[in-house]
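Both of the next two complexes hold subunit A, though its partner changes from subunit B to subunit C.
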Partner chain A sequence: MTDEKRSVIELDHVRKQYGDFVAVHDANFSIANGEFFAMLGPSGCGKTTTLKMIAGFEQPTSGRVLLDGDDVSAVPPYRRNVNTVFQQYALFPHMTVFDNVAFGPRSAKKLDEARIKKDVMEMLEVVRLDKFAHRKPSQLSGGQQQRVALARALVNFPSALLLDEPLAALDLKLREAMQIELKRIQREVGISFVFVTHDQGEAITMSDRIAVMSEGQVEQIGTPEQIYRSPASLFVAGFIGSANLLPATVESNSGQQLHVRTTGGALLNVPQGDATFSVGDRVCVMLRPERLQPAQTITTAGSGVEGTLTDLVYQGATARLIVRQHDDTELSALVDATSLPHWVRTGETMCLVWPNDCPYVLAGWPERAGATTTNVDHVEAAL
Partner chain B sequence: MLARRADNLGLAALAVAAVCLVALGAGWFDGPLNALVLLVLLVVLGGVGVLAAFGGPEARRLLAPYGLMKPGLLWMALFFLAPVWSLVRISLSTKESRFSVQYNFTWAWDNYSRAFSDFGGQFQRAFLYSLIATLLTIVIGYPVAYVIAFRGGRFKNLLLGLVVIPFFTSYLIRTIAWSTILADQGPIVSLLNTFGLVNVFEWLHIMENGKLLNTPAAVIGGLTYNFLPFMLLPIYVSLEKIDPNLVNAANDLYSTPTAAFRKVVFPLSIPGVFAGTLLTFIPAAGDFVNAQFLGNPNTTMIGNSIQDQFLKQNNYPVASAMSTVLMVSITALVLLYTRFFGTEELA
Partner chain C sequence: MNSLRSRIGRMGLNVFAGLGLVYLFMPIFFIVLFSFNKPKGNYNIVWQEFTLDNWLDPFSQSSLTAALWVSLRISALATVISTIFGSLIALALSRRSFKGSSVINLLLVLPLTTPEIVLGSSLATLFLSQTFVDFGFITVVIAHVMFQVSFVALTVRARIRGFDWTLEQAAADLGAKPWRTFRYVTFPLILPGVLAAALLAFALSIDDFIITFFNAGSTVTFPLQIYGAARVRIPPQINVLASMVLFFSIALLVIGAVRGQRSEAVKAMKRSKNK
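And then the complex of A and B:
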């Protein structure tokens, strides 16, 4: 392998506009060799357009796309050394699995047929479909078709593999298995994978780095942990995982600690974080549900809120508590289902408390206060 | 017991009913025997009806497919099989006298030798003209279908409508309209005269003696025009079904747009071309309208001769022999074509 840090794909201030509609504002990032990179965002955020510009199906309105250091902005897809796995796989229905996979090398005309045959069979082994070489795609299951699409792209040993929502058409269990399979294949071939998805769980599970996009803007690029722990914006905080977002106003600032009053009237102590806030600033306190614990009283002042338990959803290993505060904002907590105290009962008043390092402060107020995953319309609007 | 054999009974009843209808339609028997055949038909159909009504749900389930086939099959027996029987029979008959309408079945194979010897040219022309017309409809129709299917966008239905609109007018009127357009004093010939292109067109064998009308080209052109939608629409349907991402995938896998068309789009549209070819070639080979209005005595096709023998010469035996030959040879050609370009392998 060559230098791991070398960047394979570079987007240099790429902008894409259709008439008045700006699909991608200013995409400016690079993807390293061997990296598993996800572009994550709700539909219409510009992630697929960005992928198409890398593949060559769309040309940027301005800016440059660089592949292995060369400007390919105006190069047609059939002369770019990247390959795509399409959302519905786009396998050629009139060809066998073998001919589908051999399509790329045969079109490229760089290798003789014997070598192509060897490469194709090897790649079919990598995706564990060597026994299906002579079937037609219609005779395969969804997961098998998915792997044919992978093999068909990877057999060309592209600089990068582009995947457009590759798992969206699969069932949940199969999707989880394919996530692991994709990671295995990626490690085995060592090629950069650029992965477009609207499923944040998928992005977090599989990626080395994630670019979170919204309305054509790249909101944040970072490792899954960075993005989950310290989201750069309210959008990222709400989109990645589930979160409780409490709008608040800064009342005092002691350097490391902020005292904020939520719109519900509670006074909270929160760590300042990277940004600095001054008294009177509108901020948003983000609390991840899995860090909240039920309690009968708030033991540490400023590290808990009181409310009524409106729902207790048993989920097997965990249980989800929905606690409604006095101002009607709902908080969601994810707790261990096996050690649920007896006083946690729907309709009863209880408290939710959290450790000191749990709250994370962001600038601005959220559109909707409280848990991001309890309102169907709200969640749907985000996707 | 009867109920469990209901499917066999249904099949048998259907077969007997079909044979009865052919017998009645083709006039196998005279007078009173026909009444007997009718009785058998009614008894068989009535018997199945009774079995369906009182045989219980299992019998009804087994009978259902035959019940559904009944209207179509019996219709075909009466209006296709019976006439074909009569046609073949008359093609082997002789007339009692020249003006007689009485035919005697005499195994008169010489009707067939006359059909070949006297009308071999018409047969050849019919197949040649319809073959050229079919190829032309592919050449003209495919690109149009392609553009509508892949570039039509929200105008798809409008464009398809435009393709079909001329065909709201009667076939005859459209063909006669062409004879006006192609006439010696018509717009096209005048235009060609103005630009001095007549020589070029004559060299291309499209015009003869400065005329456009009443030439083989006019007949082939008329066939092409009249059968174009029957080629275009099936091709459109097969192209429309192709996922545009397949073209993207081919491009992504190092195929130029031309190669992508050759390797992906065209192979996937073959079922449409196949269906269009059958829908165009078969009726075009038997057509007589275009040769009559756009051709001359040297461009008559077999359809014209059959029409002439039936309606003007009143020579039913030879006309029937010609019809039978036409039918059999088209069937043979279609079978051959299906054998080589059959679409069963396609997904």
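And then the complex of A and C:
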């Protein structure tokens, strides 16, 4: 495909305000053709509002929404070449599966009924529901209804498919199956998927790129790996995966390396990263739990901390260690449970050490020092 | 001991429920019963003997038949008008609250709580003060629409309370313009509520006496005719025509119920066939 990098959706400094409340501050990004793009954030971060502005259900207060290069900011939803999969699917309950899927093509009035029938049945085959064409939505399971909603949107061959928390209504097992199914369907049809979710695991496993949002701001846009390895803000660091956040102050700067003293008193060597810091700056050292290793002593100065093991939780192949430092901040480490040394015992003093490239420095101090509470292990497993 | 008490309690409840039903249906039973009576004299109020004559010749009282025909035409027209307006009001009020929607809510309840005598007389004053329409068929239709609209709007609104408005968004999203969305998505889904409201409006209209009395002029509806005739005679044909209206409405209910069951049965059949 030559137009692989052509952008399908562009948000040009889009802002949405309800009275005094700013739902979206300044969304300014574009989504490429064929891309699987996630908008990720906690509820109320403005991700659904942004999606609705792309679909046309909301108009931006200022800024422009462009579809295929055309400004559609004032164009009603029924004239926009994007389709939505709604959170609760919004299938028409009085129509059969076939009529639901045929609703879009019939509204467009461009094709004759025979062609519509062929398209609809083909799309039902893609989502593997061709045998259910004459059922009513109420006679289908949640997962099947979801696939009807997908087929109903995709049969119109939109420039982009918008999905609003599409998996939230499914139970865990089905959700995991649908994640794979969604990826398969997206590859098959080659259309951009824009996907709104509050589930970071979902965003990371499925997306090509993620926009992390918080309180109406786009905090960071990047590949799942970029966002995980080098979060742009403390919010992103805490929201994606689990992290240990140590507040510290810069003591010296050698260009490549920073020497920082944590509030717990430990002197750490950390790589400078993309940002530049000067002596006296308040910074936060982020350590991912799966990169920490238990040790009896700190062999490389500045690459470890000492504390007391307060908790040891076996999780099958892995084990989670909670180490409390002298200043009461807790670090969490995710280690291989099969090769756990005998001296790792609850109540004993031990060290946690890490390789040189593990720490990542962010500006500012976190609200809460230590391990973030989001202990979502499958994110670490996915990367 | 306990089970005996609860059994007595349950029996008592059944007896009371039965008495309640008897209380409700006794008058209707007598209307039907006396349509088979062969009265002596002008008043059909004392049981004499069984006859089918009245049913074999229900339209013998030409003025009564004419009045029924007038009533049916008035009620049908008023019901169509009020159902359209009332349903649109209900849709507007349910979709979102807008400036003035609370005022409209208040205005809707007003005709239900105002005594009919006030509605009737004030409307008559209004009609008297203008020269565009004379009292008659039109004024009765206008009067009926006035109070029916409230009933329709409130009934439809109650029935569509749980309506999922994202369905309209979904239709728009799939390229349907507003009219197509209404025609193929919104309307079919609210239709049962609209029909229920129309039936109620029709029933209220066809038996209205007070408001009609004030605004009918020389037009004579079925209730007005019975009221007028009752002073000189009560022919059994009144009971026959009333019973016909009754059986007609029961038939409507039964058809509705049977169709509902049939479509359930068809669904069940299709389900088992798919398996």
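Keep this in mind: the second predicted complex is superposed on the first by the 371 of 383 C-alpha atoms of A that agree within 3 Å, B and C clash if a C-alpha of one lies under 4 Å from a C-alpha of the other, contacts with A are read in each partner's own complex, and residues count from 1 in each chain.
Simple rule for what comes next: contacts are C-beta pairs under 8 Å (C-beta built on N, C-alpha and C of every residue); 3 or more make two chains touch, one makes a residue touch a chain.
No experiment lies behind these values; they were computed from the predicted model shown.
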Combined model on subunit A where subunit B meets subunit C, clash or fit: clash
Touched partner set for A:S62, first subunit B, second subunit C, both or neither: neither
First (subunit B), second (subunit C), both or neither touched by A:T276: neither
Partner chain(s) touched by A:Y78 [first = subunit B, second = subunit C, both, neither]: both
Contacts of A:H94 with subunit B and subunit C, given as first, second, both or neither: both
First, second, both or neither for A:R135, with subunit B first and subunit C second: second
First, second, both or neither for A:N156, with subunit B first and subunit C second: both
Subunit B/subunit C common contact set on subunit A: 55-57, 76-79, 82-84, 86, 88, 90-94, 103-104, 107-108, 136, 152-153, 156
Complex contact set, residues of subunit A against subunit C: 55-57, 76-79, 82-84, 86, 88, 90-94, 103-104, 107-108, 134-136, 139, 152-153, 156
Parts of subunit B lying in touch with subunit A, wherever the complex brings them together: 243, 245-246, 248-256, 259, 263-264, 267-268, 345-347
Subunit A - residues contacting subunit B, complex: 55-57, 76-79, 82-84, 86-88, 90-94, 103-104, 107-108, 136-138, 152-153, 156
Contact footprint of subunit A on subunit C as seen in their complex: 164, 166-167, 169-178, 180, 184-185, 188-189, 267, 270-271, 274
